[in-house]
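Going in written order, the chains are labelled A, B, C and D, and every chain counts its residues from 1.
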Amino acid sequence: MTFKARDAGFQARVRSSFAKQAAMRTIGAEIVHVAPGEVDLRLPFREELTQQHGFMHAGIIGAVADSACGYAAYTLMPAEAAVLSVEYKLNLMAPAAGEAFIARGRVKRAGRTLTVCTADVFALKGGEERLIATMTGTMMAVTDRGLSG
Amino acid sequence: MTFKARDAGFQARVRSSFAKQAAMRTIGAEIVHVAPGEVDLRLPFREELTQQHGFMHAGIIGAVADSACGYAAYTLMPAEAAVLSVEYKLNLMAPAAGEAFIARGRVKRAGRTLTVCTADVFALKGGEERLIATMTGTMMAVTDRGLSG
Amino acid sequence: MTFKARDAGFQARVRSSFAKQAAMRTIGAEIVHVAPGEVDLRLPFREELTQQHGFMHAGIIGAVADSACGYAAYTLMPAEAAVLSVEYKLNLMAPAAGEAFIARGRVKRAGRTLTVCTADVFALKGGEERLIATMTGTMMAVTDRGLSG
Amino acid sequence: MTFKARDAGFQARVRSSFAKQAAMRTIGAEIVHVAPGEVDLRLPFREELTQQHGFMHAGIIGAVADSACGYAAYTLMPAEAAVLSVEYKLNLMAPAAGEAFIARGRVKRAGRTLTVCTADVFALKGGEERLIATMTGTMMAVTDRGLSG
């Protein structure tokens, strides 16, 4: 699907808001792609974010996918809106093992209030990408709660 | 619903496995309740886990709820099983603002292979609890992949 | 949770709207309980709504649970609103075998625009109830699209 | 994604099982495409399957999407397996208005026991397709419960 951003400054707006997500900084995620309706985040493997078998924790994978979805939605929102997650669902398809992980957030349908996004998450290992998880989420544009960014 | 653990050592088994979840240690979550089919986790508010508006990141709330679900399921599994998340869905109902958060994982239906759990997440503020999120997840007992704990 | 309906005429409004759901009439579902934040629907077993093994089709169970959620949300909406399903998730926990099925829709959190509901679905057999499925859904109050009821 | 069916007779097996889904016959759905990991179902608009505003009921759309997912998964299962829905989530993106609807079930990841599928549902109107809903579901291969087809 191809989308057109209504706010020409969406790139800077997304990057500036993402930079305020302390949680993403703490876990080490960074933005590697921003386009209208699209945001990719990259998360390096980190020992301190694993679950009991040494794989990355499913919840951490979910957190990165949630941010990828939220910012994909945010690329298409008006400049004055804030974005909030209404709900998301994550299916885990393979253990989160690898050197790094890429969550590719994509808008599936952009509405005035609600935007539906998906994020496929891939593990990178030895130059190969493997699909390990997939999310579908609903994101909300909020303009009247005194939130910004 | 009332469940009976088939492994008398489920308490120690759950706590020992949880202690191996580096991700939970990193974000500061701890177990505050374990019973057959029930696990509660407590997460203090932490500046470094917030999203762009200063609330706890929805993905971090999801990570704690996922662990609460997984370990609630794990209380009922046989001693030799490992637990993996198949999928989970999180609805966010209010901003994650508060001094701490409690995720109450509860088994809804325990099957031989798959267990369905819910987790309500509450924000604690000034001695009051407020429901901020709810998860339903599917957890899987795995016995043949060389995983333990 | 206890809710108070803001529209005193919610009972009649819910029943009148439900009566317009041709799909519910076609599959044979009827309302058996309406209270603020609560709607129960009853669906008799019907051979013509089964899947390939003779159980009721998971999608039909989902349809009844979706209506139970939607009308539970609708009990709390203002008189002039219409209700639409934003999304729902259904976990199937046991085969849908029985003489009839009850879907108990309950509001978990009522917001101005979005309402989160759950619906547990029970199979009735020989006087006993057995939990077979559980739904969490997001319902939306719409007031500006020319929809009514 | 490209998949290879392990059972050469998957086409006949899928069609024969689908023919046993009385629910699909009752609502008027038919198979219009079967390939490894892919099943498309077509549902004509029917007045008797509408909700209160005259659109097709979200639960009926969900039922067709669930069958599309289940049979997409079933194409890749061994001949002796039966398929059951573990869970599914449906996001509704536009009112289900149109002359007919196509649910395109696609396998995202096929496992030994669990298969993750998606189904996009499109409304057909005046020769155009419009995306109205999207599902992600988990399907299970069952070989030990005396179920067949």
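Everything below uses one rule, namely that a residue touches a chain if its C-beta (ideal position, glycine included) is under 8 Å from a C-beta of that chain, and two chains touch if they have at least 3 such contacts.
Only a predicted model underlies this, so the values are computations on that prediction, with no experimental measurement involved.
Engineer: Moving only from a chain to one it touches, give the least number of moves from chain B to chain C.
Structural biologist: Step count on the best path from chain B to chain C: 1.
Engineer: Tally the contacting C-beta pairs at the A-D interface and at the C-D interface, and name the larger one.
Structural biologist: Output for the comparison: C-D.
Engineer: If you take the mean of the Cα atoms for each chain, which one ends up farthest from chain A?
Structural biologist: C
Engineer: Test of understanding: which option in A-C, A-D or B-D shares over half of the contact pairs of B-C, residue numbers taken as the match?
Structural biologist: A-D
Engineer: Considering chain A as a copy of chain C, what rotation angle in degrees (nearest 5) results from a C-alpha superposition of the former onto the latter?
Structural biologist: Value: 180 degrees, nearest 5.
Engineer: Quick one: chain A and chain C, Cα centre-to-centre, how many Å?
Structural biologist: Chain centres of chain A and chain C, defined by C-alpha means, are spaced 32 Å apart.
Engineer: Which integer distance in Å separates the CA centroid of chain C from that of chain D?
Structural biologist: Roughly 22 Å separates the two chain centres.
Engineer: Please report how many Å separate the Cα centroid of chain A from that of chain D, as a whole number.
Structural biologist: Here the centre of chain D sits 28 Å away from the centre of chain A.
Engineer: Could you list the positions in chain A whose residues touch two or more of the other chains?
Structural biologist: Only 86-87, 89, 91, 138 qualify.
Engineer: Assign the assembly's chain-to-chain touch graph to one of these shapes: line, ring, star, complete, other.
Structural biologist: Shape of the chain contacts: complete, all pairs touching.
Engineer: Help me check something: in the complex, which residues belonging to chain D touch chain C?
Structural biologist: Per the touch definition, chain D meets chain C at residues 17-18, 20-26, 47-53, 56-60, 62-67, 82, 84-92, 95, 147, 149.
Engineer: For chain B, which residues count as touching chain C in their complex?
Structural biologist: Contacts found on chain B: 89, 91, 93-94, 108-109, 111, 116, 118, 131, 134, 136, 138.
Engineer: Please name which positions on chain B make contact with chain D in the complex.
Structural biologist: 86-87, 89, 113-114, 138, 140
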